[in-house]
Each structure stands twice: as structure tokens, then as C-alpha cells.
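Order of writing sets the labels: A, B, C, D and E. Residues in every chain begin at 1.
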Amino acid sequence: MIDRIKKLYTDNKTIFLIAGLAAMIALPFLIVKGSVMSIIVKILFYVILASSLNIINGYSGQFNIGHAGFVLIGAYTLAILANFGWPIWVLYIVAGIVTAIIGFLVALPTLRLRGIYLALVTLGFSEIMRLVALNWTALTGGPMGIKGIPSPWFFGLRSTAPHNYYYIVLFFVVICLFTSYRVINSKVGRAWMSIREDDHAAMSLGVDIRKYKSINFMFGAFWAGVGGALMAPFYKFIDSSMFTLDEGFNILSMVIIGGQGTLVGPVVGSVVVNLTTEIFRFADEARLLVYAVLIISMMWLRPQGLAGTSKSVIANRSIRKSKQVLLSKLSGKKEVK
Amino acid sequence: MLKKILVIVLSLSLLIGVFAGCQKTEEAGVIKIGVAAPITGNYAEYGKGFDVATQMAVDKINAAGGINGKTVELVLMDSKGDAKEATEIARKFTEDPEILAVVGDFSSTCCMATAPIYTEAKMVQISPTASHPDYAGMSEYMFSVMGRQDAEGPFVAEYLAQKYVGAEKMAVIYLNNDWGVSAHTNILKRAEEIGLEVTAVENFVDGEKDFTATLTKIRQTNPDTLCLVMFYNELVIISKQIKQMGWEDVKIIALGPGISEQIVQLGGADVEGIATSTPFMVSPDNTVAVAFKNEFEQKAGFTLNVHSACAYDATNMLAKAIGNLGDNVTREAIAAELSNMKDFVGITGPIIFTANGDVFRKYLIAQIENNKWVQKTDYSYVD
Amino acid sequence: MYFLEQLINGICQGSIYALMAIGYAVIYGVVGLVTFTYGEIIMMGSFSAFYYFIAFGNNLWMALIAGFITAALVGVVVHKVCYQRFLDAPRYISLICTIGMSMFLKNLATILFGSEMKGMPTFFGGKFISIGTIRVGYLQLIIIAVVIILTVLLTIYLKKTRMGMRLRAVSQDKKAAALVGINVKTTTLIGNCIGCGLGGVAGILLGVYYNSVLPTMGGMAGLKAFSAMVLGGLGSIVGSAISGVIIGVVENLGIALTSSGLRDVFAFVLLVLILFIRPQGLFGKKGN
Amino acid sequence: MLKIENLVVNYGYISALRGISLEIEENEIITLIGGNGAGKTTTLMSISNLVKKTAGEIVFNGTDISKMDPDKIVRLGIAHVPEGRNIFKKLTVEENLIIGTITEKNLPRKEIHSRCEEMFTLFPRLKERRKKSGGSLSGGEQQMLAIARGMMLRPKLLMLDEPSLGLAPIIVEEIFELMNRVKQGGMTILLIEQNAMLALEVADRGYVLQNGEIVLSGTGRELLNNPEVKKAYLGI
Amino acid sequence: MGVLLESKNISKYYGGIKAVQNVDMTVGEGEIFGIIGPNGAGKTSFFNVCTGNLQPNGGEIWFDGQKITGLQPAQIARRGIARTFQNIQLFNFMTVLENVKIGFHIHEKTNIFDALIHTKRYREDERMTQERGLKLLENLGLSENADTLAGNLAYGMQRRVEIARALALEPKILLLDEPAAGMNPIETRNLSDFIKTLRDKGHTIIVIEHDMKFVMNLCDRIMVLNFGRKICEGVPEVIKSDKEVNEAYFGKSTTF
């Protein structure tokens, strides 16, 4: 069924996109309740965060499990500078740039690493960031957090009401997806994907792996930073407990449940995950149990994610196997990897 | 086939969830109060306490005929200790016109993130435990029952440490969260004023278990008193590790855990002699408090702590304010009524809000003697 | 003297990390997948001992065995849910499964056992040995001894027994193992159970040493075990044990030099630095 | 003894075997020859059930083994010596040999030891390095070790995948002589070889594979003298 | 005929295995140079050393008058050495056209900002890769498969895509690792012809192969490796009659 929906979508892409955007713009007029709107705004935050993680994990095949660290940097950058009186609109971008620079610094050591080692470094980075935010009281307020983060003004409206802030986030969501789309359909995006598919082949074609991995990390970090920066004025208060490893795992689950390596995947993932946790609120204590079961059953039923290419994993597996056979056939001579 | 069934079951359960979420009970003559608490997540223990304590308060009120003939109903929502979820809950509460006020949340993080939303809706949020110094002052609708640390901190430094145990050189270990930071800052401030030497100040992140390095380090500075600003669990672990180190000549005082029974239960002989400040004491002659304590422990399955007692008081206070207003109950009016209430005495003692919305509390000193908390001073000790 | 004292503190704490890391190393070595459920296995082991003490009295040694068995049984469930199906699939799938499983176990424990901290009985009456002003508790010595004994036993088991040989074979080359007639499925299951059982034992010692059992106790413990295992060179048992001790020592010396709130910062900075300098871990061989 | 019928194997969209059938009699040496990618290795992997079969049946001594677990197949007495260097690199040479007998549960230590000694007489080079780790051996030694490991089981059917790979001619000759001796001991051998001349010389019968199909079959002599084989396969 | 690629005394070891030992080789401009040898002779290892995928334990590689040992594979590729892989390393989840477009990577000047705002440079690059990519596919008879996922193609087709991808680099020298493996005789003959046309267009080509017939018909000069050592080098006729080669390749007892 999902595949049929996908086909319908690809066949009428433009219509769907325009209709979808129109619906998104009209949404606040249809929904009266601020609480529902607030959940929608949260979903949009996660669309940005999951998409940015997808850029790193899904398109260049690196494995970042400490995404919360980047989100933290974005949120704190905005919160700190906003208290110095910088305009919020500018800060959204500044926060993104600062995070991208940190992303570059993280990418530096990780360029040499793969797989599990890379994952561990990002995990360590995320925890270091959280602990620094907790301990560097002079800058971050330490455990007191930063409160009273000002909200941007927007056509004369105080924008942190969910109905208004929605448009700001939606704007960035559209920009995020649009820029991701453009980059992915260019030399840069192709280079990322070539690294994901087979880095040795990519190297032999002159793709500078280090350069493109760094760009990839920076691009992903940029949007994670923007996402974090968007959250700060909406919640008006941030402290380090909002950016734990679990938060990073949460974003990761969204990407994978939605489908890695597709633009729609993270969008679907964040919608599904956030709605599920919301819907199962009545389950009280067992709420997270339900969420856990959802994650595991997704991996059993549709490991490629809801929006992932059908059979891709299975195909991937058999292609990998055939490669293994060939590799083992040649393993006497060939030890490139 | 299995796959299909699973898909169907999953989507059905999703659907049921949607409808269950939409269901609403419309009953006349009901007063609704929201409760936001971390039922899951790392603070689930305290959220559970909130749940039981608030429900006990409401059951009692309803058994006594409700508020002006109307029964009270609680709407409990799980914030997971997550500011994002807390704001969503706040929006849900403020949008439901039947909900008059909210008891919650546990952590200052959640309370402070939700404060603007409640303020906008002119709705009272009365937090049993939030002790961030800025929280209650955020608006006239924010109240905290726990009491601000700028009262307890100085009390601990001046009366508990200097006067009661006779400390001359003190070291401080505090839990690195908003509460711990403000509590220990106030201790340090007063200690400097009264000339109590502080030899070392160390902190730790929530969940820490191994304090040997910290203690070894502090011991180097030769304090005669160790002031522990933390909750019961770390307090017990630290006292055990102190004994294990063979560090006998140090007096331990505590701020934060109050007279938690858990300390005695878990600590055994190792916590003997620990002195603490507490706003209240369940003394055997206070029958109301004793009955409450027994009932709570029976319902919750764990011993009463200060946080749950505060949640109980917060609920009762709210109910009293609503009762006082009679038929003119509005959200806005509740805030004014609470600020003006001067005669409330709860389990945790008399509660009178300051202009800020905090409580100025008076403190007692209790000490563990023969595996029991014993009240050592009364409220007049300060004078 | 002070330095020495802190060093001993570090070794004591590090020995618990070491024990946790050994279990993780066995799991990673044999199954070949990263797990984030390990912390919850540790927690389960700890709880099993807590209830064992209530039901059958305070016998630490029997509790260790009971904890091993319980944790191994939980390991079977984890294996069936998170690994078995995904041995050939891309790694991230089982990783996400273990994240889900961790969430599941943690919340299940909260519902079943309650979220408040529980205490453990005291063993060896708090006796200690004094070396100058330094005191080393019997319990600490026992923990260090248990770590050493288990490391040795495990090494012997892997080196000398047929099952051990199977485990080593599977951890090196699953295909070749199948070719010599080893049932890879069963062997990975057994390996996972042994690793989880060791995790359970570590959990009990952790609970007894710090006198506390909590549903959330697994989180940081699992991370430290994971870190020590990677530092030790992915699946190397002795390497993991040594790395565990190193992490403990670095943390404690770090606290001695700066502030105690920065403990985990030291652990993770050490990790990132070492991986930067030696991408294959402290004791890993290049090209693995 | 072993019968393969209409075996089809696809790797994703690539078909590796397009329906091959062959038969092996007791105490024969059978060889499969063919170029790279012709499907020789895949055939062996299918017998050991290490690849997923799309269709086809494999019967060994009357038992259908096409869906059996790989370890059970080994237990039936089919030893597979993979090509390349599929030995356990971190185990010592001796351990590598011992692990070859792992399916025989109650084999006495003495018996294992004597079989090891037997292998060391066959491959004296391994004896010198018995305590060394498998990874430290040279390519040829690793190949010998893999063969020895397969023979430790005393299998009914020994499948050798390119045993001459990377070996010096003298050792290759030794191995082929060895095969004859083993055959006289009652073992059946299925041999995959690129060195077609050599393989066909020792083989009783042979099959020529091309692009996943059997294009020719016959006795070793016949194939050796078949001009088609020479032309198509040997490229002369 | 100038020397294009030269290896001096190259050695490569893996642990105890000496994969390549002291190999010298010179390849002139415009040649088709063959490297043959039995399985495990060290051909691919030698190849990987030439392209920077492996670092040698000893010796130097010179290309176009410059030393290239120690350079990264990407840098070597940029200097004009393109290669294919023995086991076909295509980007399986990308379409054939995308595969070839990545081949044009070093000729594209787009950076991330060009991609974001679709500058002239981006549009030109996209047009260039699209046009030239399609043309290249047409040349290799792959036009129909432009939008197929590379992983879904048949074996022979995948080989061709890989060669197309390597050609997109417009390399000075093309290294083909067993290009004919898995091809049927007709495909092989076509491939052989195709490689010759490439040579006629001025490409220098090195081919690894153990299909003797293929190599003998195709190559101008041949080097034979066995046990990592060079045992013979020369024109096909020399190779054919060399005794050591025959022994290495067909076993001691056989002759042609």
C-alpha cells in the first residue's frame, strides 16, 4: 500500500507539493486549539532535526548517534546571544552557522573513523556538550538554564503563540527541505551518496572523501542548529536536560522509522513518532512501553522505514551477499577494505 | 500473514488511541484540577508520589462533600520531566475551560517552560517542588509550596551548621541542578557572613554513584562538618562511602532530603547522627500527619517524602481557595485568593505566600538517633 | 599519598567498569552487533539479586549465580528480538531495536519494581584493610578479585573448552565457522547469554557496592561499558578490562585535579581523544 | 552419493546458477571447471547451504539437504574447504585443526591428537608452525591449513574450492597427489579448479560451467582432449 | 612513445603474506598493457598500489613524470588515472546515469552554494554531466538502462557501466581489473574491440586478466606475475613461449 501511495506521489509530484504546501499554510485556520497546534509545531521541529540527521546518516552513510549535541549548540547559541540583544531572526541563521562550525570540528577527528567508532565519537561529543552546558555556569546558566528567551516579532504579532510560531517553523522546514533537495541533486549530493554506497569506488573517481564528509557534517549540523535555535524561543526556557542522549536516539528513531536516505522519510518519521507518543498518552505509565514496541515492530516489519524504497533492504542484503561471494572468491588477492 | 495481522493490530490500536484521546466526559457540578507530573522518565518516582498524594487529597475532599457541593476531579498528565511535553500539557490544560488550576510540575525546568503559557491564560500553576529562585516570581499566577532556598540555605549555614552542630570548617557537596545550585549558593553566602569557613565545594551530576574520589579530595581540606545538599538516594550512598573510608571525625548535615524515611531504611547504622533541616516533622502526636503518612505509604508502596507531602498540601490549598470563592470561581480569582490566604496549615506546616508567590517557611532540625528521626529543635530555635 | 589514594579509588571504580566491559566485549565479539540494551541487562541483574536477597537471604555468591542466570535469560529475549533476525541485515536495524528494547526494559522495570531507589544488604560488614591512611574495603577487594577471576576464567573457557573454541571461531568468521559445522545461530545465542550473564554479575556488584538499585541505573553504566569495550579494541576481553580500569582511574584523577561534576566529561574526552589518536582503540590491531 | 537437480541461484537480479544438475558417485573425484563468475563457487556454497537457493534440490545419500542448516550438513559428512583464506586468523594452527572436528561431540582427545599428527605428516610445514596464529601464515600455508582442517573431520565428501590458489607448483602437485591418496582411503572429492589441466588429470569426471550453466561433461580424459574445452576455456 | 606510468621496485605485504615483491613496470603512452598471472599472484594488490588504494611497503610509482606514491586515491584519480574494480564496485542504489555523473565529479566546478541558488555554474555543470553522461552511455550501448538502479543490472552490463564511469574521468590511463570476468565469449569479444577503439582514441590502458586468449589478442605488451614476482614481460609471442609462464599458469605437466 505504501508503495502505491509513493507511486501516486511520484507521478503527480508538483500537484502534491503545491497542494501540500497550501494545506500546511491553511492549517492554523482549521485548528483552533493551541495545544494541537503546539504538537504540530513540535512535529515540525523534529522534521528539521530528523532531516538534518538524515543528511548525515542517510545520504553519506556516516553514523551519527549524538545529534542532540548539535541541537543543544543551536539552542544555546540563540539563547545566549539573544540575551545580548541580537535580533532573533538573524540568530536563527547565526546559530546554524555556529553549529556548522562545531560540526566541522567534530568531523575532523571522525574523518578517519568508520562505523562503530564514529558512532561512539558522536555519542561522546553529545554527552560532552551536555555536560559542558551543565557545568559552564557563567555562559550557559549551568543547571539554572536560560529563561526568558525573547520571541521574534513577526508582522507585529507576538509570535510564540503556536498559531503564529507555526509559520516561522514552517518557513524553515520548507527552506530546509528545499535546500536539502537542491544539494542532494547536485555534484555535492552525488558525492555524498557515492561515499555512502562505496567509498573506495568514490575515491577512485576523484571524490575527496574528507572534504565531502566534512561538508556533509556541516550541512547536517547547520540544520540541527537551526532546529535547536527554533525551539528555544518557542519554549522560552532551555537547560541541558532537554538535550540528553535519549533525545538524540529519539531523533534517530524518527529517521529510521521514516526511512533513511529519502527526503520524505524523516518527515513521515517525525509525524508518526510524535503522534504515537501523543495518542498513547492515555496509557499513562505504559506509554513509553508502547513506543518501544512500535520501534521494535517497525524494525521487524519494515526495516527500510515507512517511506524507504520497498525491498531495498532485502535487495541490499542479496546484493551485499553476492558481493560477499565475489569478495570471498577474491579474498586471496584483494584486501582493499 | 503474520505481518498483515500485525499491521492491522497496530493500525487498530492507533485508531482506538485517537478516539480514546477525543473522548470527553461532560458532567455538571464537577471541579477539575490539572496535575502535571513526570509519571515516566527519570523522575518517575516523584511523579508517582504526586499522583498518589494529589488523589488522596481529592478523595478526602470529595468524601467530605466536595467543594461547595461539587466533586473535584483530577486530570493527570505525564510530562516525562521533558519541557517540550510539559508545554503541550500546559496548552491542553489552559484550553480546557473546565480545568481551573494546575498542580505541578516536579522539575523547575518544566515549570519555567510552562509559566508563560499559564500566565497568558491567567491560570494558577502551583508547584509542590519547583525551587528555582526565579520561578515563582515569573508571574502572579505561579506559586511554589516548597519554600525558597534563600530561606533554608541561610538557616542551614547559621543554625544547623554553626549553632547546632558547632561547625567551624565546613565542606559542601551539592547536586548540580537548579535546586542544588541555589541552595548551596545561599548556604555559602550566609556562611561567609557569619564567618564559617568553607573548605571545599564540590558538585555531582544526577545519577552519580561513586563519591570516593570527591570525598577523598574533600577530606584533604580537613573539614569538621560536611554539608550535603541533595536528595535521599545520594545522601545514603555518600554516608556509606564516608564510613567505608574510615572518616569518623566528621559531622554530616543535610539540606534537601528532609526527614525521608528512606534514609533510615537504606542507610542503617551508616546514617546515624545525620542532622537535617526540615520544614515539617511527622511527630507521633500530630495524628493528622501520621494518618496521612500511613495512608500514603500504603497507597504508594514507598515511604513519604517531602515532595509528596507538598503535593498534598498544594492540592488542599487550591481546593480551599476555590471553596473560599464560592460561586464566583474564575481562574484569575484563584490566584488572588491564594495570594491572600493567610490561614492555611497543611501537613508541612503553615503556608503563607509571599508577594512573589513563594512560601516563607520556618525550619526545624531533625537528627537520626537510634535509627529514627528525632525532632531536635522547634520553630523558635531561630529566635 | 593523596595521589595514591585517588589512584586506588580509580582502580576500584574502574574494576566495575572493567567487569561490565568484559560482558559487552563477549556480546560484541560473538554477535558482532552494537547493543544499547546492555545497561538494562545490568539493571535486571541488579534487581534479580535484590529480590533474591529478600526471598532467600543474604548470600552474595548464590545471588551472583542467580543474577547471571536471570540476566542470561533476559539476554535470550534480547537475542530473539534484536539480533537473530538481523545478523545479516545492515547494522543500524538491530541497533535501533536495542534502543527500543532498552526503553522497553527500563519502563517495564519502573512499572514492575517501582521507580524509587532500593537498598542492598551490606556484605563483609564494611571491613577493610588499612595501608597507611588508605583503606580498601573487603568488598572492593572482592570486586577486584571477582573481575580478575572472571577474566581469567573466561579466557580459560574461551581457550580451552570446545564451546569456547566455537565462540572464538564464530567471533572471527561466521562463514568459516558454519563451514566447519558450527551452528552459528545457537553459538551467537550462547555468546550473547554469557555476555549478558556477566553484565548481570556486574550489575549485582554495582548494586551491592553502591548500595542502590534503580530502574535508571543502567543508562550511564551501559555507556561506560560500551566506551571501555571500544577503547579496548572491539571485543578484546583483556583489552576491555584494562580500558575499564583506565577510564576509572582517569575519572578519579580528573576529579582530584578539577571538579567532581566533570567526571563524565573526562571519560568521554578521553574516549574521543584516544579514538582520534588510535582509531582502532587502545588494544585493537590496525586493519580490524 | 550426491545429486543436484535443477539448481537455480540468484544474487539479487544477477543469476549465478541457471538450473544445473549433476551427480557424484561414491569414491570419485569430480571436478567443476569454468572461468571466473561461471558459478563454481556458488555451486559449492549451495551444497553447504550458505546461499539462498531460488529453486532446485540437493540430495546427499538419500537425505534432502537443500534446506538443512549448514552445520547439520557438515555433520552428515560434507566438508567444505573454501577458497581464499577462510581460516581462523586468531586461532593457532593446532586450534584451527581441532576446530575441524568440532561436530564430533565425543571424540576422545587422543583421537583428535592422532588426527592432528596425521595432518602434520601430510603437511610438515604446518607442524613447524603449530603454535603460530593462523593469520601469520603465508598464503600457501593458509591454504594447506584450510585443506587439513577440512580433512580433520574424515568427511565422506570433501569439497575443495581452488586448492591450488596461490600455491607454488610443487605444493600444488603434492596436494593433487594427496587427493589421489585420500580417494584411495575411500573419500569422495568435489574439486573446483582453475588450473583445468591439472584438475582434469586427477578427476574421474568433470563438468564445465559457463555463465551458470553446465555446457559440457564427461570423464577427465575426454574433457582434457576435447578441443572445445581447450578453445573455450583455456583460451588456446 | 613516452613513459606514462612506471613502478619501481614495488612491494606489498599483508602480515606474513608477500602479495607483491619488487615489481618494476613501465607503461608507455597509447599502449594496451596486460598483467596476467594465476589467482593470488598479486595482480590486484599491485593495481591497488598503483591507484593509491593501498600503500606499498616499498618502492615508488611515477606517473606522467611525477611521483605519486603516498598520494590519496582521489588525488591520483584527479591526475588522470581511472580504474575499474575486480568485483564491480558500482553505486548500487543509484541509477546508471547517476553512476556515470559521479564519474564527471572532477570536471564539475559546482560547490554547495552554487547548488543552493542554482547559479550559472551549477546549470552548466548539470547540463554537461547530463549530456555527456548520456552520450557516454550511448557509446557503450547503455542508453536504455540510464534510469535503472545499477545494482539491478546484469553482470556484463554492470561491467560496462563501471567502464563508462571510469571513462567519464577522461583519464590519461585506464586500469581495468578483470574486465572480462563473467562475460560470455561474445560479450568478451565486444569488450575487446571496445578497448581497442579506446586505445585508438588515445587512451592508455592496463588490463588485468587471466583469460589468456583475451589478453593475447588484445595487449601490446604483457607482464606476468606469479607469487607477487614478475616472472616475464614482453609482447604476447614472448609470453606464449615462455616456459616459466606455462608452468605457472597451466601446471608443470602441460604445454601448449
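The definition used in the following text is that contacts are C-beta pairs under 8 Å (C-beta built on N, C-alpha and C of every residue); 3 or more make two chains touch, one makes a residue touch a chain.
These numbers were taken from a predicted model, which means no experiment stands behind them.
The fewest steps needed to get from chain B to chain C, moving only between touching chains, is 1. Contact count check for A-E and C-D (C-beta pairs in contact): higher for A-E. Centroid distances from chain D, each centroid being the mean of CA atoms, peak for B.
Chain geometry summary: the mean Cα position of chain C and that of chain E are 48 Å apart.
Averaged C-alpha coordinates give centres for chain A and chain C that are 31 Å from one another.
Centres computed as Cα averages put chain B at a distance of 73 Å from chain D. Across the assembly, chain B contributes 40, 44, 176, 205 as residues in contact with two or more other chains. Contact of a single residue of chain C with at least two other chains is seen at positions 107, 110, 175, 219, 259, 261, 264. The set of chain A residues touching two or more other chains comprises 131, 134-135, 285, 288, 294, 300, 315-316, 319, 321, 326, 328-330, 332-333. Residue ranges of chain E in contact with chain A, taken from their complex: 14, 19, 39-45, 48, 51-54, 72-74, 77-78, 82-83, 85-94, 98, 101-103, 105-106, 108, 110-112, 114-116, 118, 122, 125-126, 129, 151-152, 165-166, 168-169.
Taken in their complex, chain C has these residues touching chain D: 162, 165-166, 168-169, 172-173, 175-176, 178-185. Taken in their complex, chain E has these residues touching chain D: 15-18, 38-41, 151-155, 178, 181-182, 184-185, 210-214, 216, 227, 247-248, 250-254, 256. The touching residues of chain D, when paired with chain E in their complex, are 12-14, 35-38, 135-139, 142, 162, 164-166, 168-169, 172-173, 194-195, 197-198, 201, 210-211, 232, 234-236.
The touching residues of chain B, when paired with chain A in their complex, are 3, 6-7, 10, 14, 17-18, 20-21, 39-41, 44, 76-78, 80-84, 87-88, 91-92, 94-95, 107, 109, 112-113, 116, 132, 134, 138, 176-178, 180-182, 205.
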